[in-house]
Structure formats: C-alpha cells, structure tokens
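Listed below are the structures to be examined.
Consider the two complexes below, in which chain A is the common component and chain B and chain C are the respective partners.
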Partner chain A sequence: MRCLRVMSEVRTLTAITKDGEFFRQIADLAMRVTSELDAGEVSAALAEASDLCGADAAAFASFVKDDEAYESYRFILACDPTWCLEYESNACYMHDPWLEYTRRRSEATLAKDIPARTTQQIEVVALARRFGFASAIVVPAQSPQGLTRLGALCLGSAQRDYFDEQTLTAVSVALTGLVVRLHAWQTATLRDELLTRTRLSQDDLALLAQQRQGRSSKEIASMTNTTSQGVDSRWQRLNAKLGVSSRATAAQLAAEYGLI
Partner chain B sequence: MTTSRNRVKRSEPEGSIVVMSDDGAVSYRLQPSRFGLCVQRERKQVCGHARLVHTAVFRDSACFLRWCEADSVRFDYPVVFSDIRRKGGALLESHERSAHADRDHEGR
Partner chain C sequence: MVLKSCASATGYLTALSAPVLLAVGAWLDKPALAGGTVLLLFPLARLAFGAFHGSADREWHPRVGRLLDHLPHIYVVVLAAALATVLWNLHTHSLTTATGLQWILSLWVVLMLATCVAHELLHRKNRTERFLGHALTGVAGYPVLGYEHVRHHHLRGNTSAAEWPKLSDSVWAFGGRRLRRIASETVGPKGMAWLGNSSSPTVRGLRNGLTASLLTWAAFGVAGGWTGAAVYALTALIVACGVQLVTYMQHWGLGDDHLPDAKSRELAWEDDCRFEAWLTMSMSVHQTHHVDAGRPYYCLEPTPGSPRMPAGYVLLMVAALIPPVWRRTMTPALEYWLAHPELSPSAGRRVLCVAAYRR
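And now, the complex of A and B:
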C-alpha cells in the first residue's frame, strides 16, 4: 500500500484517469464489497480506493432516521479518525453542507462547488480541509423515494486543486459503482444489526409490510383469519420490540433499515 | 467483567470486545483484523438527538493512542477511556507481534 501511495503521488489525477486500468481496478474493488465484509474490511477497501485515485483521505458517510427520537450518522473512515471526534464535538452533522448536498442531489460534485453559507458551515468545511480534504469530490448514493437514508463517498486530497472539473466526470463514473456497493453494504449491515437486536419473526416482517402498504387492522385481520384485536395486540408487541410508539413509525423504521 | 462505571463484554464477532458506559451514551467495539485494530465508536448526542458512529482501522499503537488522547471521553468517562486505551493497546500489540512473526517467517 505504501508503494502504491508513493507511485500515486507522482501521477496527476488526469494521468490516472487516462489509464484504463484505473477503471478496471476500481470496478474490481467495488465487486469485492459484499455484505460478507466487516467494517474493518470496508475501511481497507476505502483506503484502496483512495490510493487508486491518488487521494489522501476517504470517508463513506451515511445517514438514517432511526425513530422519533434519534437520527444516526455513520462514517467509515480511511483518514485520520481524529477528524470525526472533532466533527462530533462541534456537532458538525447539524450544519454539514456536504451532507446537505447529498440529501438533495444525486450527482457527484466537487466539494468546492457546494456552497457553505453560514459560519457553522464554513467551519465544517475548514475542519475537513485540516484533515486531508483540501480538495474533495462528493459522490452521493441514491435511496428509494420516501426514505431518509442516504450515503455518500467523499475522497479528499491535501492538495488544493487535486480534484478538479477536468477529472470530475471520469472519477465520478469510476466511483459510482463503488458508492452503490458501499451503500448496499451499509443498508445490509443496519438490517442485520436490527434483526439481531430485535429478533423479529417472519410474521412480524409481514405485518410491517402490510402497514407500509397502508392496510388497517381490520384488513389485516381479514387476510390472516384473525380479529382486529388480535392484530392490535401483535402491534403492541412489535412496537415494544422496535422501541417505537406507533405502527407507522415501526413500518418507516423497517423500511429505512431495509427490512421490508 | 463489570466495573462501577462501565461494562465490558465479549461479543460477536469472535475476538471482538465491546466497552460501553453505564448510561449507554458511549460504546466502542474493538475488533482485531488482518489490517490492524478495527474500532467502532458510537456516541449518542443530546444535541440534535443524534447517534454518531465512526469506524476506523488502526495499524499501529501510536496512531491509536493519539486518537484516544483526542477523545472527549477521556474527561466524560475516564474509566471507559482507560479501558479502551488498555484493551485496544493490548490487541494492537498482539497484532503487531503476529505481523512481525509473519514477516520473519516469510523472510526465511
């Protein structure tokens, strides 16, 4: 890895992207990202992607609204992790313009083209710059409509103009597949964690899917040959398992975590 | 193992250690891997009701200890901090020893 880094430092990003081997290597890397990997292996894959692009830092960020009370921000890092500690202490997640961009847009962009309007947003960007993202590319991952969960890969360089307009298209084409795989990995990980924690049964999942389709207790009771009261009792137990207060929240949570 | 301030338990996957504060506001999963020590840190923030989880792989003790020193947990949960530092350091030392042994073996 060290040798790759030394080699990549002497090549410009233009030279890297003109080499067809670059696209093949990134595609191979994307194909290696499966739900079987643990977070450490994904972090190593990110470091490899960063090296292949000649970058200095990489982070895959994801967001999901857990329930009425909490929203989760997750970062897999291939950069100095002290950045995340400072990001947390300064509550940067509340003002992060790059995350905000990912919420609204699906195309890859240069971080310098994402406006930082408020003092807090400017501070978030300044913090990223201090930790190897002086120039950066942000590649969002799409989520199905109606869900809050999102993901984005951010590659950074300590060199100010390393990522530029000339290479944006090539780099984003190369990275899009990887981002899709990373986002799928994150969703699968969240799903497995929730299933392990809550021990939902197949019947529970079917009930959640029916709620998601807008079916009432009466309709579900008629489909499953039970009573409305029986369905309501099942909902009480299911809400308790998931730690939420309503069936609508339970179904939304299940959808966010890829259970239904 | 339980202390008055934090809980430590062995958990899945094999070889990983989870350390968390009694109030559940902060937790760490330490997982040895072939790349080094994989650390997943989770902190629940009152501000904005956010849960922040970050994962990084440390290849050597110096980087890991530097990261530990920068963590606000050092002041908020000193027992958790000391546990993480000690257990993470031990896992990394073990990783470094086996990496050296592998290199020696390959060199022969």
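And now, the complex of A and C:
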C-alpha cells in the first residue's frame, strides 16, 4: 500500500497512451510479475503500473465467483491506506458494484458506467471516490478451464474525468497482460498457502485428481490396489483437512486453487 | 468401529426431535406439544447427558461421516412433512385464539431450531446445499438470515454496525437496532432484494429465501384461511426477534466497545451442554464456529478458554428479556472470564452454574 500520490507532473492520459513507450513499459512490468515475487514486491509493481498510467490509486481483487461466504477474497493494493482500512472494516467487498461487474462481464469498462443501485453499493462507490477513485477503469480477468476464480484490476484517479471513453481501449489493452499476470500470481500464492496449511501429500492430490475425473471409490480402489473402504477413509481425512463436507467439493476446491 | 462411531453420532438425531414433535402434536391435535417439550423438558436434558466434550479429534467412520453430512438434508424432509401435517390440522380443525397461540409457540420453537440447520447448510461450499439453506431460512420465516449471517461473520466484534451488542445494550435495544439495519439493507426501498444484481450469490440466496417465505405463508393461508396466514406471519415475526435474541446472548459484552481486540478475536459465549449441541447442530459451540466457519457441525468442540454461559439457551433467553435479570446473571460470568481468560468452568450435569461465577 502507499499513500495517495500527489501528482507533480500533470500529463493527460491521451498523451500517455499515444506514447509507444507506455505500452512497452507496462508489458515489461507485467513480465516481472512472477510467482517468485512476494506480496510487497507485487504491490510495488502495481504502484509502478499506476504511476505509468498517471493514476492515483490501484487495487487488484481476486475471488471465487460463487463464494457466498466472501472467504476467497484477496487484494493487492497500491492506494490510500485509509481507504483500505475503511473498505476492509466495513466489509465493503460484500457490496462492491465494481467487483459485481467482474462476476458477469469480462471486458474492461469505466467505473462510472457500472450502476450502483442499493444503499450499500452507493456508499462503497462514494468511499472509493473520496480516496483516489473519482474516475476509474475496471479490467476483469477470468480463469481458464471452467474454474471460477476471477480477478479485477481497478485503476483510479482523483480527477473526475481522467479515465474516459477515448482512452478506455488503449488503457485496457495495455493493462490486460498485467491483470493476467497478477491473477496468476494470486492463484499461485493461494495454492502455496493451501498446501502449507493443509499439508496435502502427493497421494492426496492424486485422489483429488481422480475425483475430478469422476472416478468412484471402487474404481480408485482397483487402480490403487486397496479396498473401497480404505479409499472412503482417505476421503474422510482429506475432507477434514480441506474443511469441506464432500469429495466433489474437495475436488472443486483443489481445482480452483490450481492444485490439480 | 462402525458401531462405536454410530453410537457417538446417534445424539445428533436429536436435531430431528422438534419437527417430529410438531408432527405428532398436529396428528394428536395437541398444538403445544413441540413448544412445551422443547422449552420445559429439553433444558433438563443436561442432567442426563452432561457436558459436551466435542468430537474435533474423533475420526468418524466414513459412512457415519457421510450420514452426518446428510442429516441436514434428512431434516429438511422431516420438517416439510411436519409442516404438511400442521397444514392438514389447520385445514381440518377450526382455530381458536388459544390453539392459535399454542401453534405459534410450537412453530416458533421448531422454526427457531430450523434456522440452526439452515445455518449449517448456508456454510456448506456446495451450491445446491446453500440453495437448500436459503430455502429453509425462508420456510423458517427469516429469509434474510443468509445475508445477515455472512455480514455477522465479516463485521465481527463490531458494535456500531449492530453485529455484536454493546455492553450497555438491552436485548430490546440491540434487537431493534439490528433488525432495522438488516431490513433496510435487504428489503428496504433501496434494498438488495429489489435492486441487487442477480449475479451475486448473496442476492440470489436472499431472493430464494423470500420466495420460500411467501410460498410457506401462502400455504398457511390456503390451509387455515386468514387465521392460518396470521399464525405463520406472527411466528415469522417472533422468529426474526428470536434470531436477534440468540445473537445478543452469544455475543453480549464481547464487542469492540468493551474489548479493544474484539474484532480480531471473534469472541462468543459457548455452552458446553452435550444435548444442546446435538439439538442445535453445534450452534451452542459458537466461538469455535466463528473461528472456523466452514467446519462441519459434527467436528466442533468448545474452544478452551472461551467465555461460558452460566445456563442453557432457554433459561438465558428468558433472562435476556428482562434486562436487570440478564445483567445479574451475566455480569459475574463476564467478570469471571475477564479475570480468568484461560479457565472455562463447566456446569457438568447441573442446569445452572451461576453460583460458580459468584465465588
């Protein structure tokens, strides 16, 4: 996180995007985001991208599409820490219309074109506007292979019309690569966290993969020379490790985290 | 091993007892049977079954574990059958004020306990089970429970958002404040039920619950006429208040107005009554649930060092309704826990352990 940037050099976004160097610099930045980086380094890269775009604030959110418990939400932030605290302590992610947009659409858009209709949505947008997102662009990222973890980069400016229709395409094209890399970094980090927390063995991962392929206990037992009761026992322990109540959910969870 | 595991798991079948009693009451035309039994006899079960030692470390036999996983589904079927029996009774018997009140009492008790099962389903990761959970909250007369509960988990310890009661709050003040807030966010003029986006699972769940409530209300109307509809409407209203009452009991004195680190600790009063844990699908083991919300009900046990209630839920519900009695009962327990945060006294097989906190 960093404090709201005070812009010393005012340059319009149109001028920035007409400079070919801008696209090269953003692409270089995206290439630097690898799974070897730690959270601080990724946050610094995001801040750098924000600076290159002449923006004042940037936030990348990652979450599972159907997560009703809001437990899968993770953020990489390069914006005013006061906003971060307010956003977190008021659980604003539960009502954020910009994240909501990411659930149903994959193309980049201007935040002003996303309607805020409920009382809570209006409050969330008002809070963002106070802290460097007076105008903003939202660039979503989807997961491949039927997985449902989504990502969204929100780049904001304290100037009301900094991001507009004229620059939307250029900025979104420039940022798409970075968004994909941030999404991949976040997924890899979550996968490592889950592996550390649950201490899943290679056998566990193989079992999850077999379930994902739709194999029954009997089929798995015959493949691994064990009894189906033994396979059931392993499932029981595995479900407990992952904190889920069924093997189908366990396999889906493992797939969402990129384990299988 | 299967038999031993089965024997340990049998207690959780207690969760089915309330809808079964409701059905028997409807069949025998004894409307107060379920309410009376749960409120008057069940609190005494502690004398027989004693304290709950939990099952977190117990490895359930896979088949028993699967059965316990399916118990909430079985419950939904049993509850549906019980409510059908009540509807049949309302359709075939004329309703007097006395029988109407008795039905409200029994339905309130059964539907309050149904919210515990709905709560378990709402925490499942499977989409169909969550759908069932929302539908059950609707049938129970409190369709906003799904949203309210997620909010509760994410605004832990927060007294200004009315998620945890303030130390100075009475249940009436807290319940009123919380109900107003939740109602405005969900079904108010700019509420998410009407204006929220259906791509949000929270909004979909809320609408699903509201639909289930309306359908249940209509079923009561068809079966019992206006009086039947009134019985369900009044029950739903009292269920909504009952949910606030339980939240108050579970978190009073443990919010950020009183404890600076409340937001990071997710503190809750726990009751170690074994029977109550069976009956409520471990809702009484509340702090443990807050710490690991996705853990199945049959894998929960009281957190060592958690604040412990000086009596069971039924007795404390009555105490909470009378603020001076509540303070007299709970203040010593709170002070005891603050002074001995590592101790968790158990009432053992006693129904009350208020005296233990006064020493």
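By definition in this document, the second predicted complex is superposed on the first by the 240 of 260 C-alpha atoms of A that agree within 3 Å, B and C clash if a C-alpha of one lies under 4 Å from a C-alpha of the other, contacts with A are read in each partner's own complex, and residues count from 1 in each chain.
To be clear about the criterion, a residue touches a chain if its C-beta (ideal position, glycine included) is under 8 Å from a C-beta of that chain, and two chains touch if they have at least 3 such contacts.
Every value quoted in this text rests on a predicted model; they were computed, and no experiment measured them.
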> Does chain B (first) or chain C (second) touch A:43, or do both, or does neither?
Replying inline: first
> Touch check for A:91: first (chain B), second (chain C), both, or neither?
Replying inline: both
>> For A:206, using the defined touch cut-off, is the partner it touches chain B, chain C, both, or neither? Pick first, second, both or neither.
In response: neither
>> Just to be sure I read the superposition right, which of the two partners does A:184 touch: chain B = first, chain C = second, or both, or neither?
In response: neither
>> Quick one: is A:77 in contact with chain B, with chain C, with both, or with neither? Answer first, second, both or neither.
In response: first
> Looking at the overlay, does A:120 come into contact with chain B only (first), chain C only (second), both, or neither?
Replying inline: second
>> Touch test for A:69: chain B only (first), chain C only (second), both, or neither?
In response: both
>> Shared contact residues on chain A, chain B side and chain C side combined as an intersection?
In response: 66, 69-71, 89, 91, 94
> Where on chain A does chain C make contact in their complex?
Replying inline: 66-71, 89-91, 94-95, 97, 100, 103-104, 117-120, 122, 229, 232-233, 235-237, 239-240, 243-246, 248-249, 252-253
> What residues on chain C touch chain A, complex-wise?
Replying inline: 59-63, 65, 69, 122-127, 130, 146, 150-151, 153-155, 158, 161, 184-185, 188, 190-192, 195-197, 199-202, 205, 263, 292-296, 299
> Which residues, counting only chain B, touch chain A once they are in their complex?
Replying inline: 13, 31, 33, 35-36, 38-41, 43-45, 47-58, 66-67, 70-72
> Which chain A residues qualify as touching chain B in the complex?
Replying inline: 38-44, 47, 66, 69-78, 81-82, 84-89, 91, 93-94
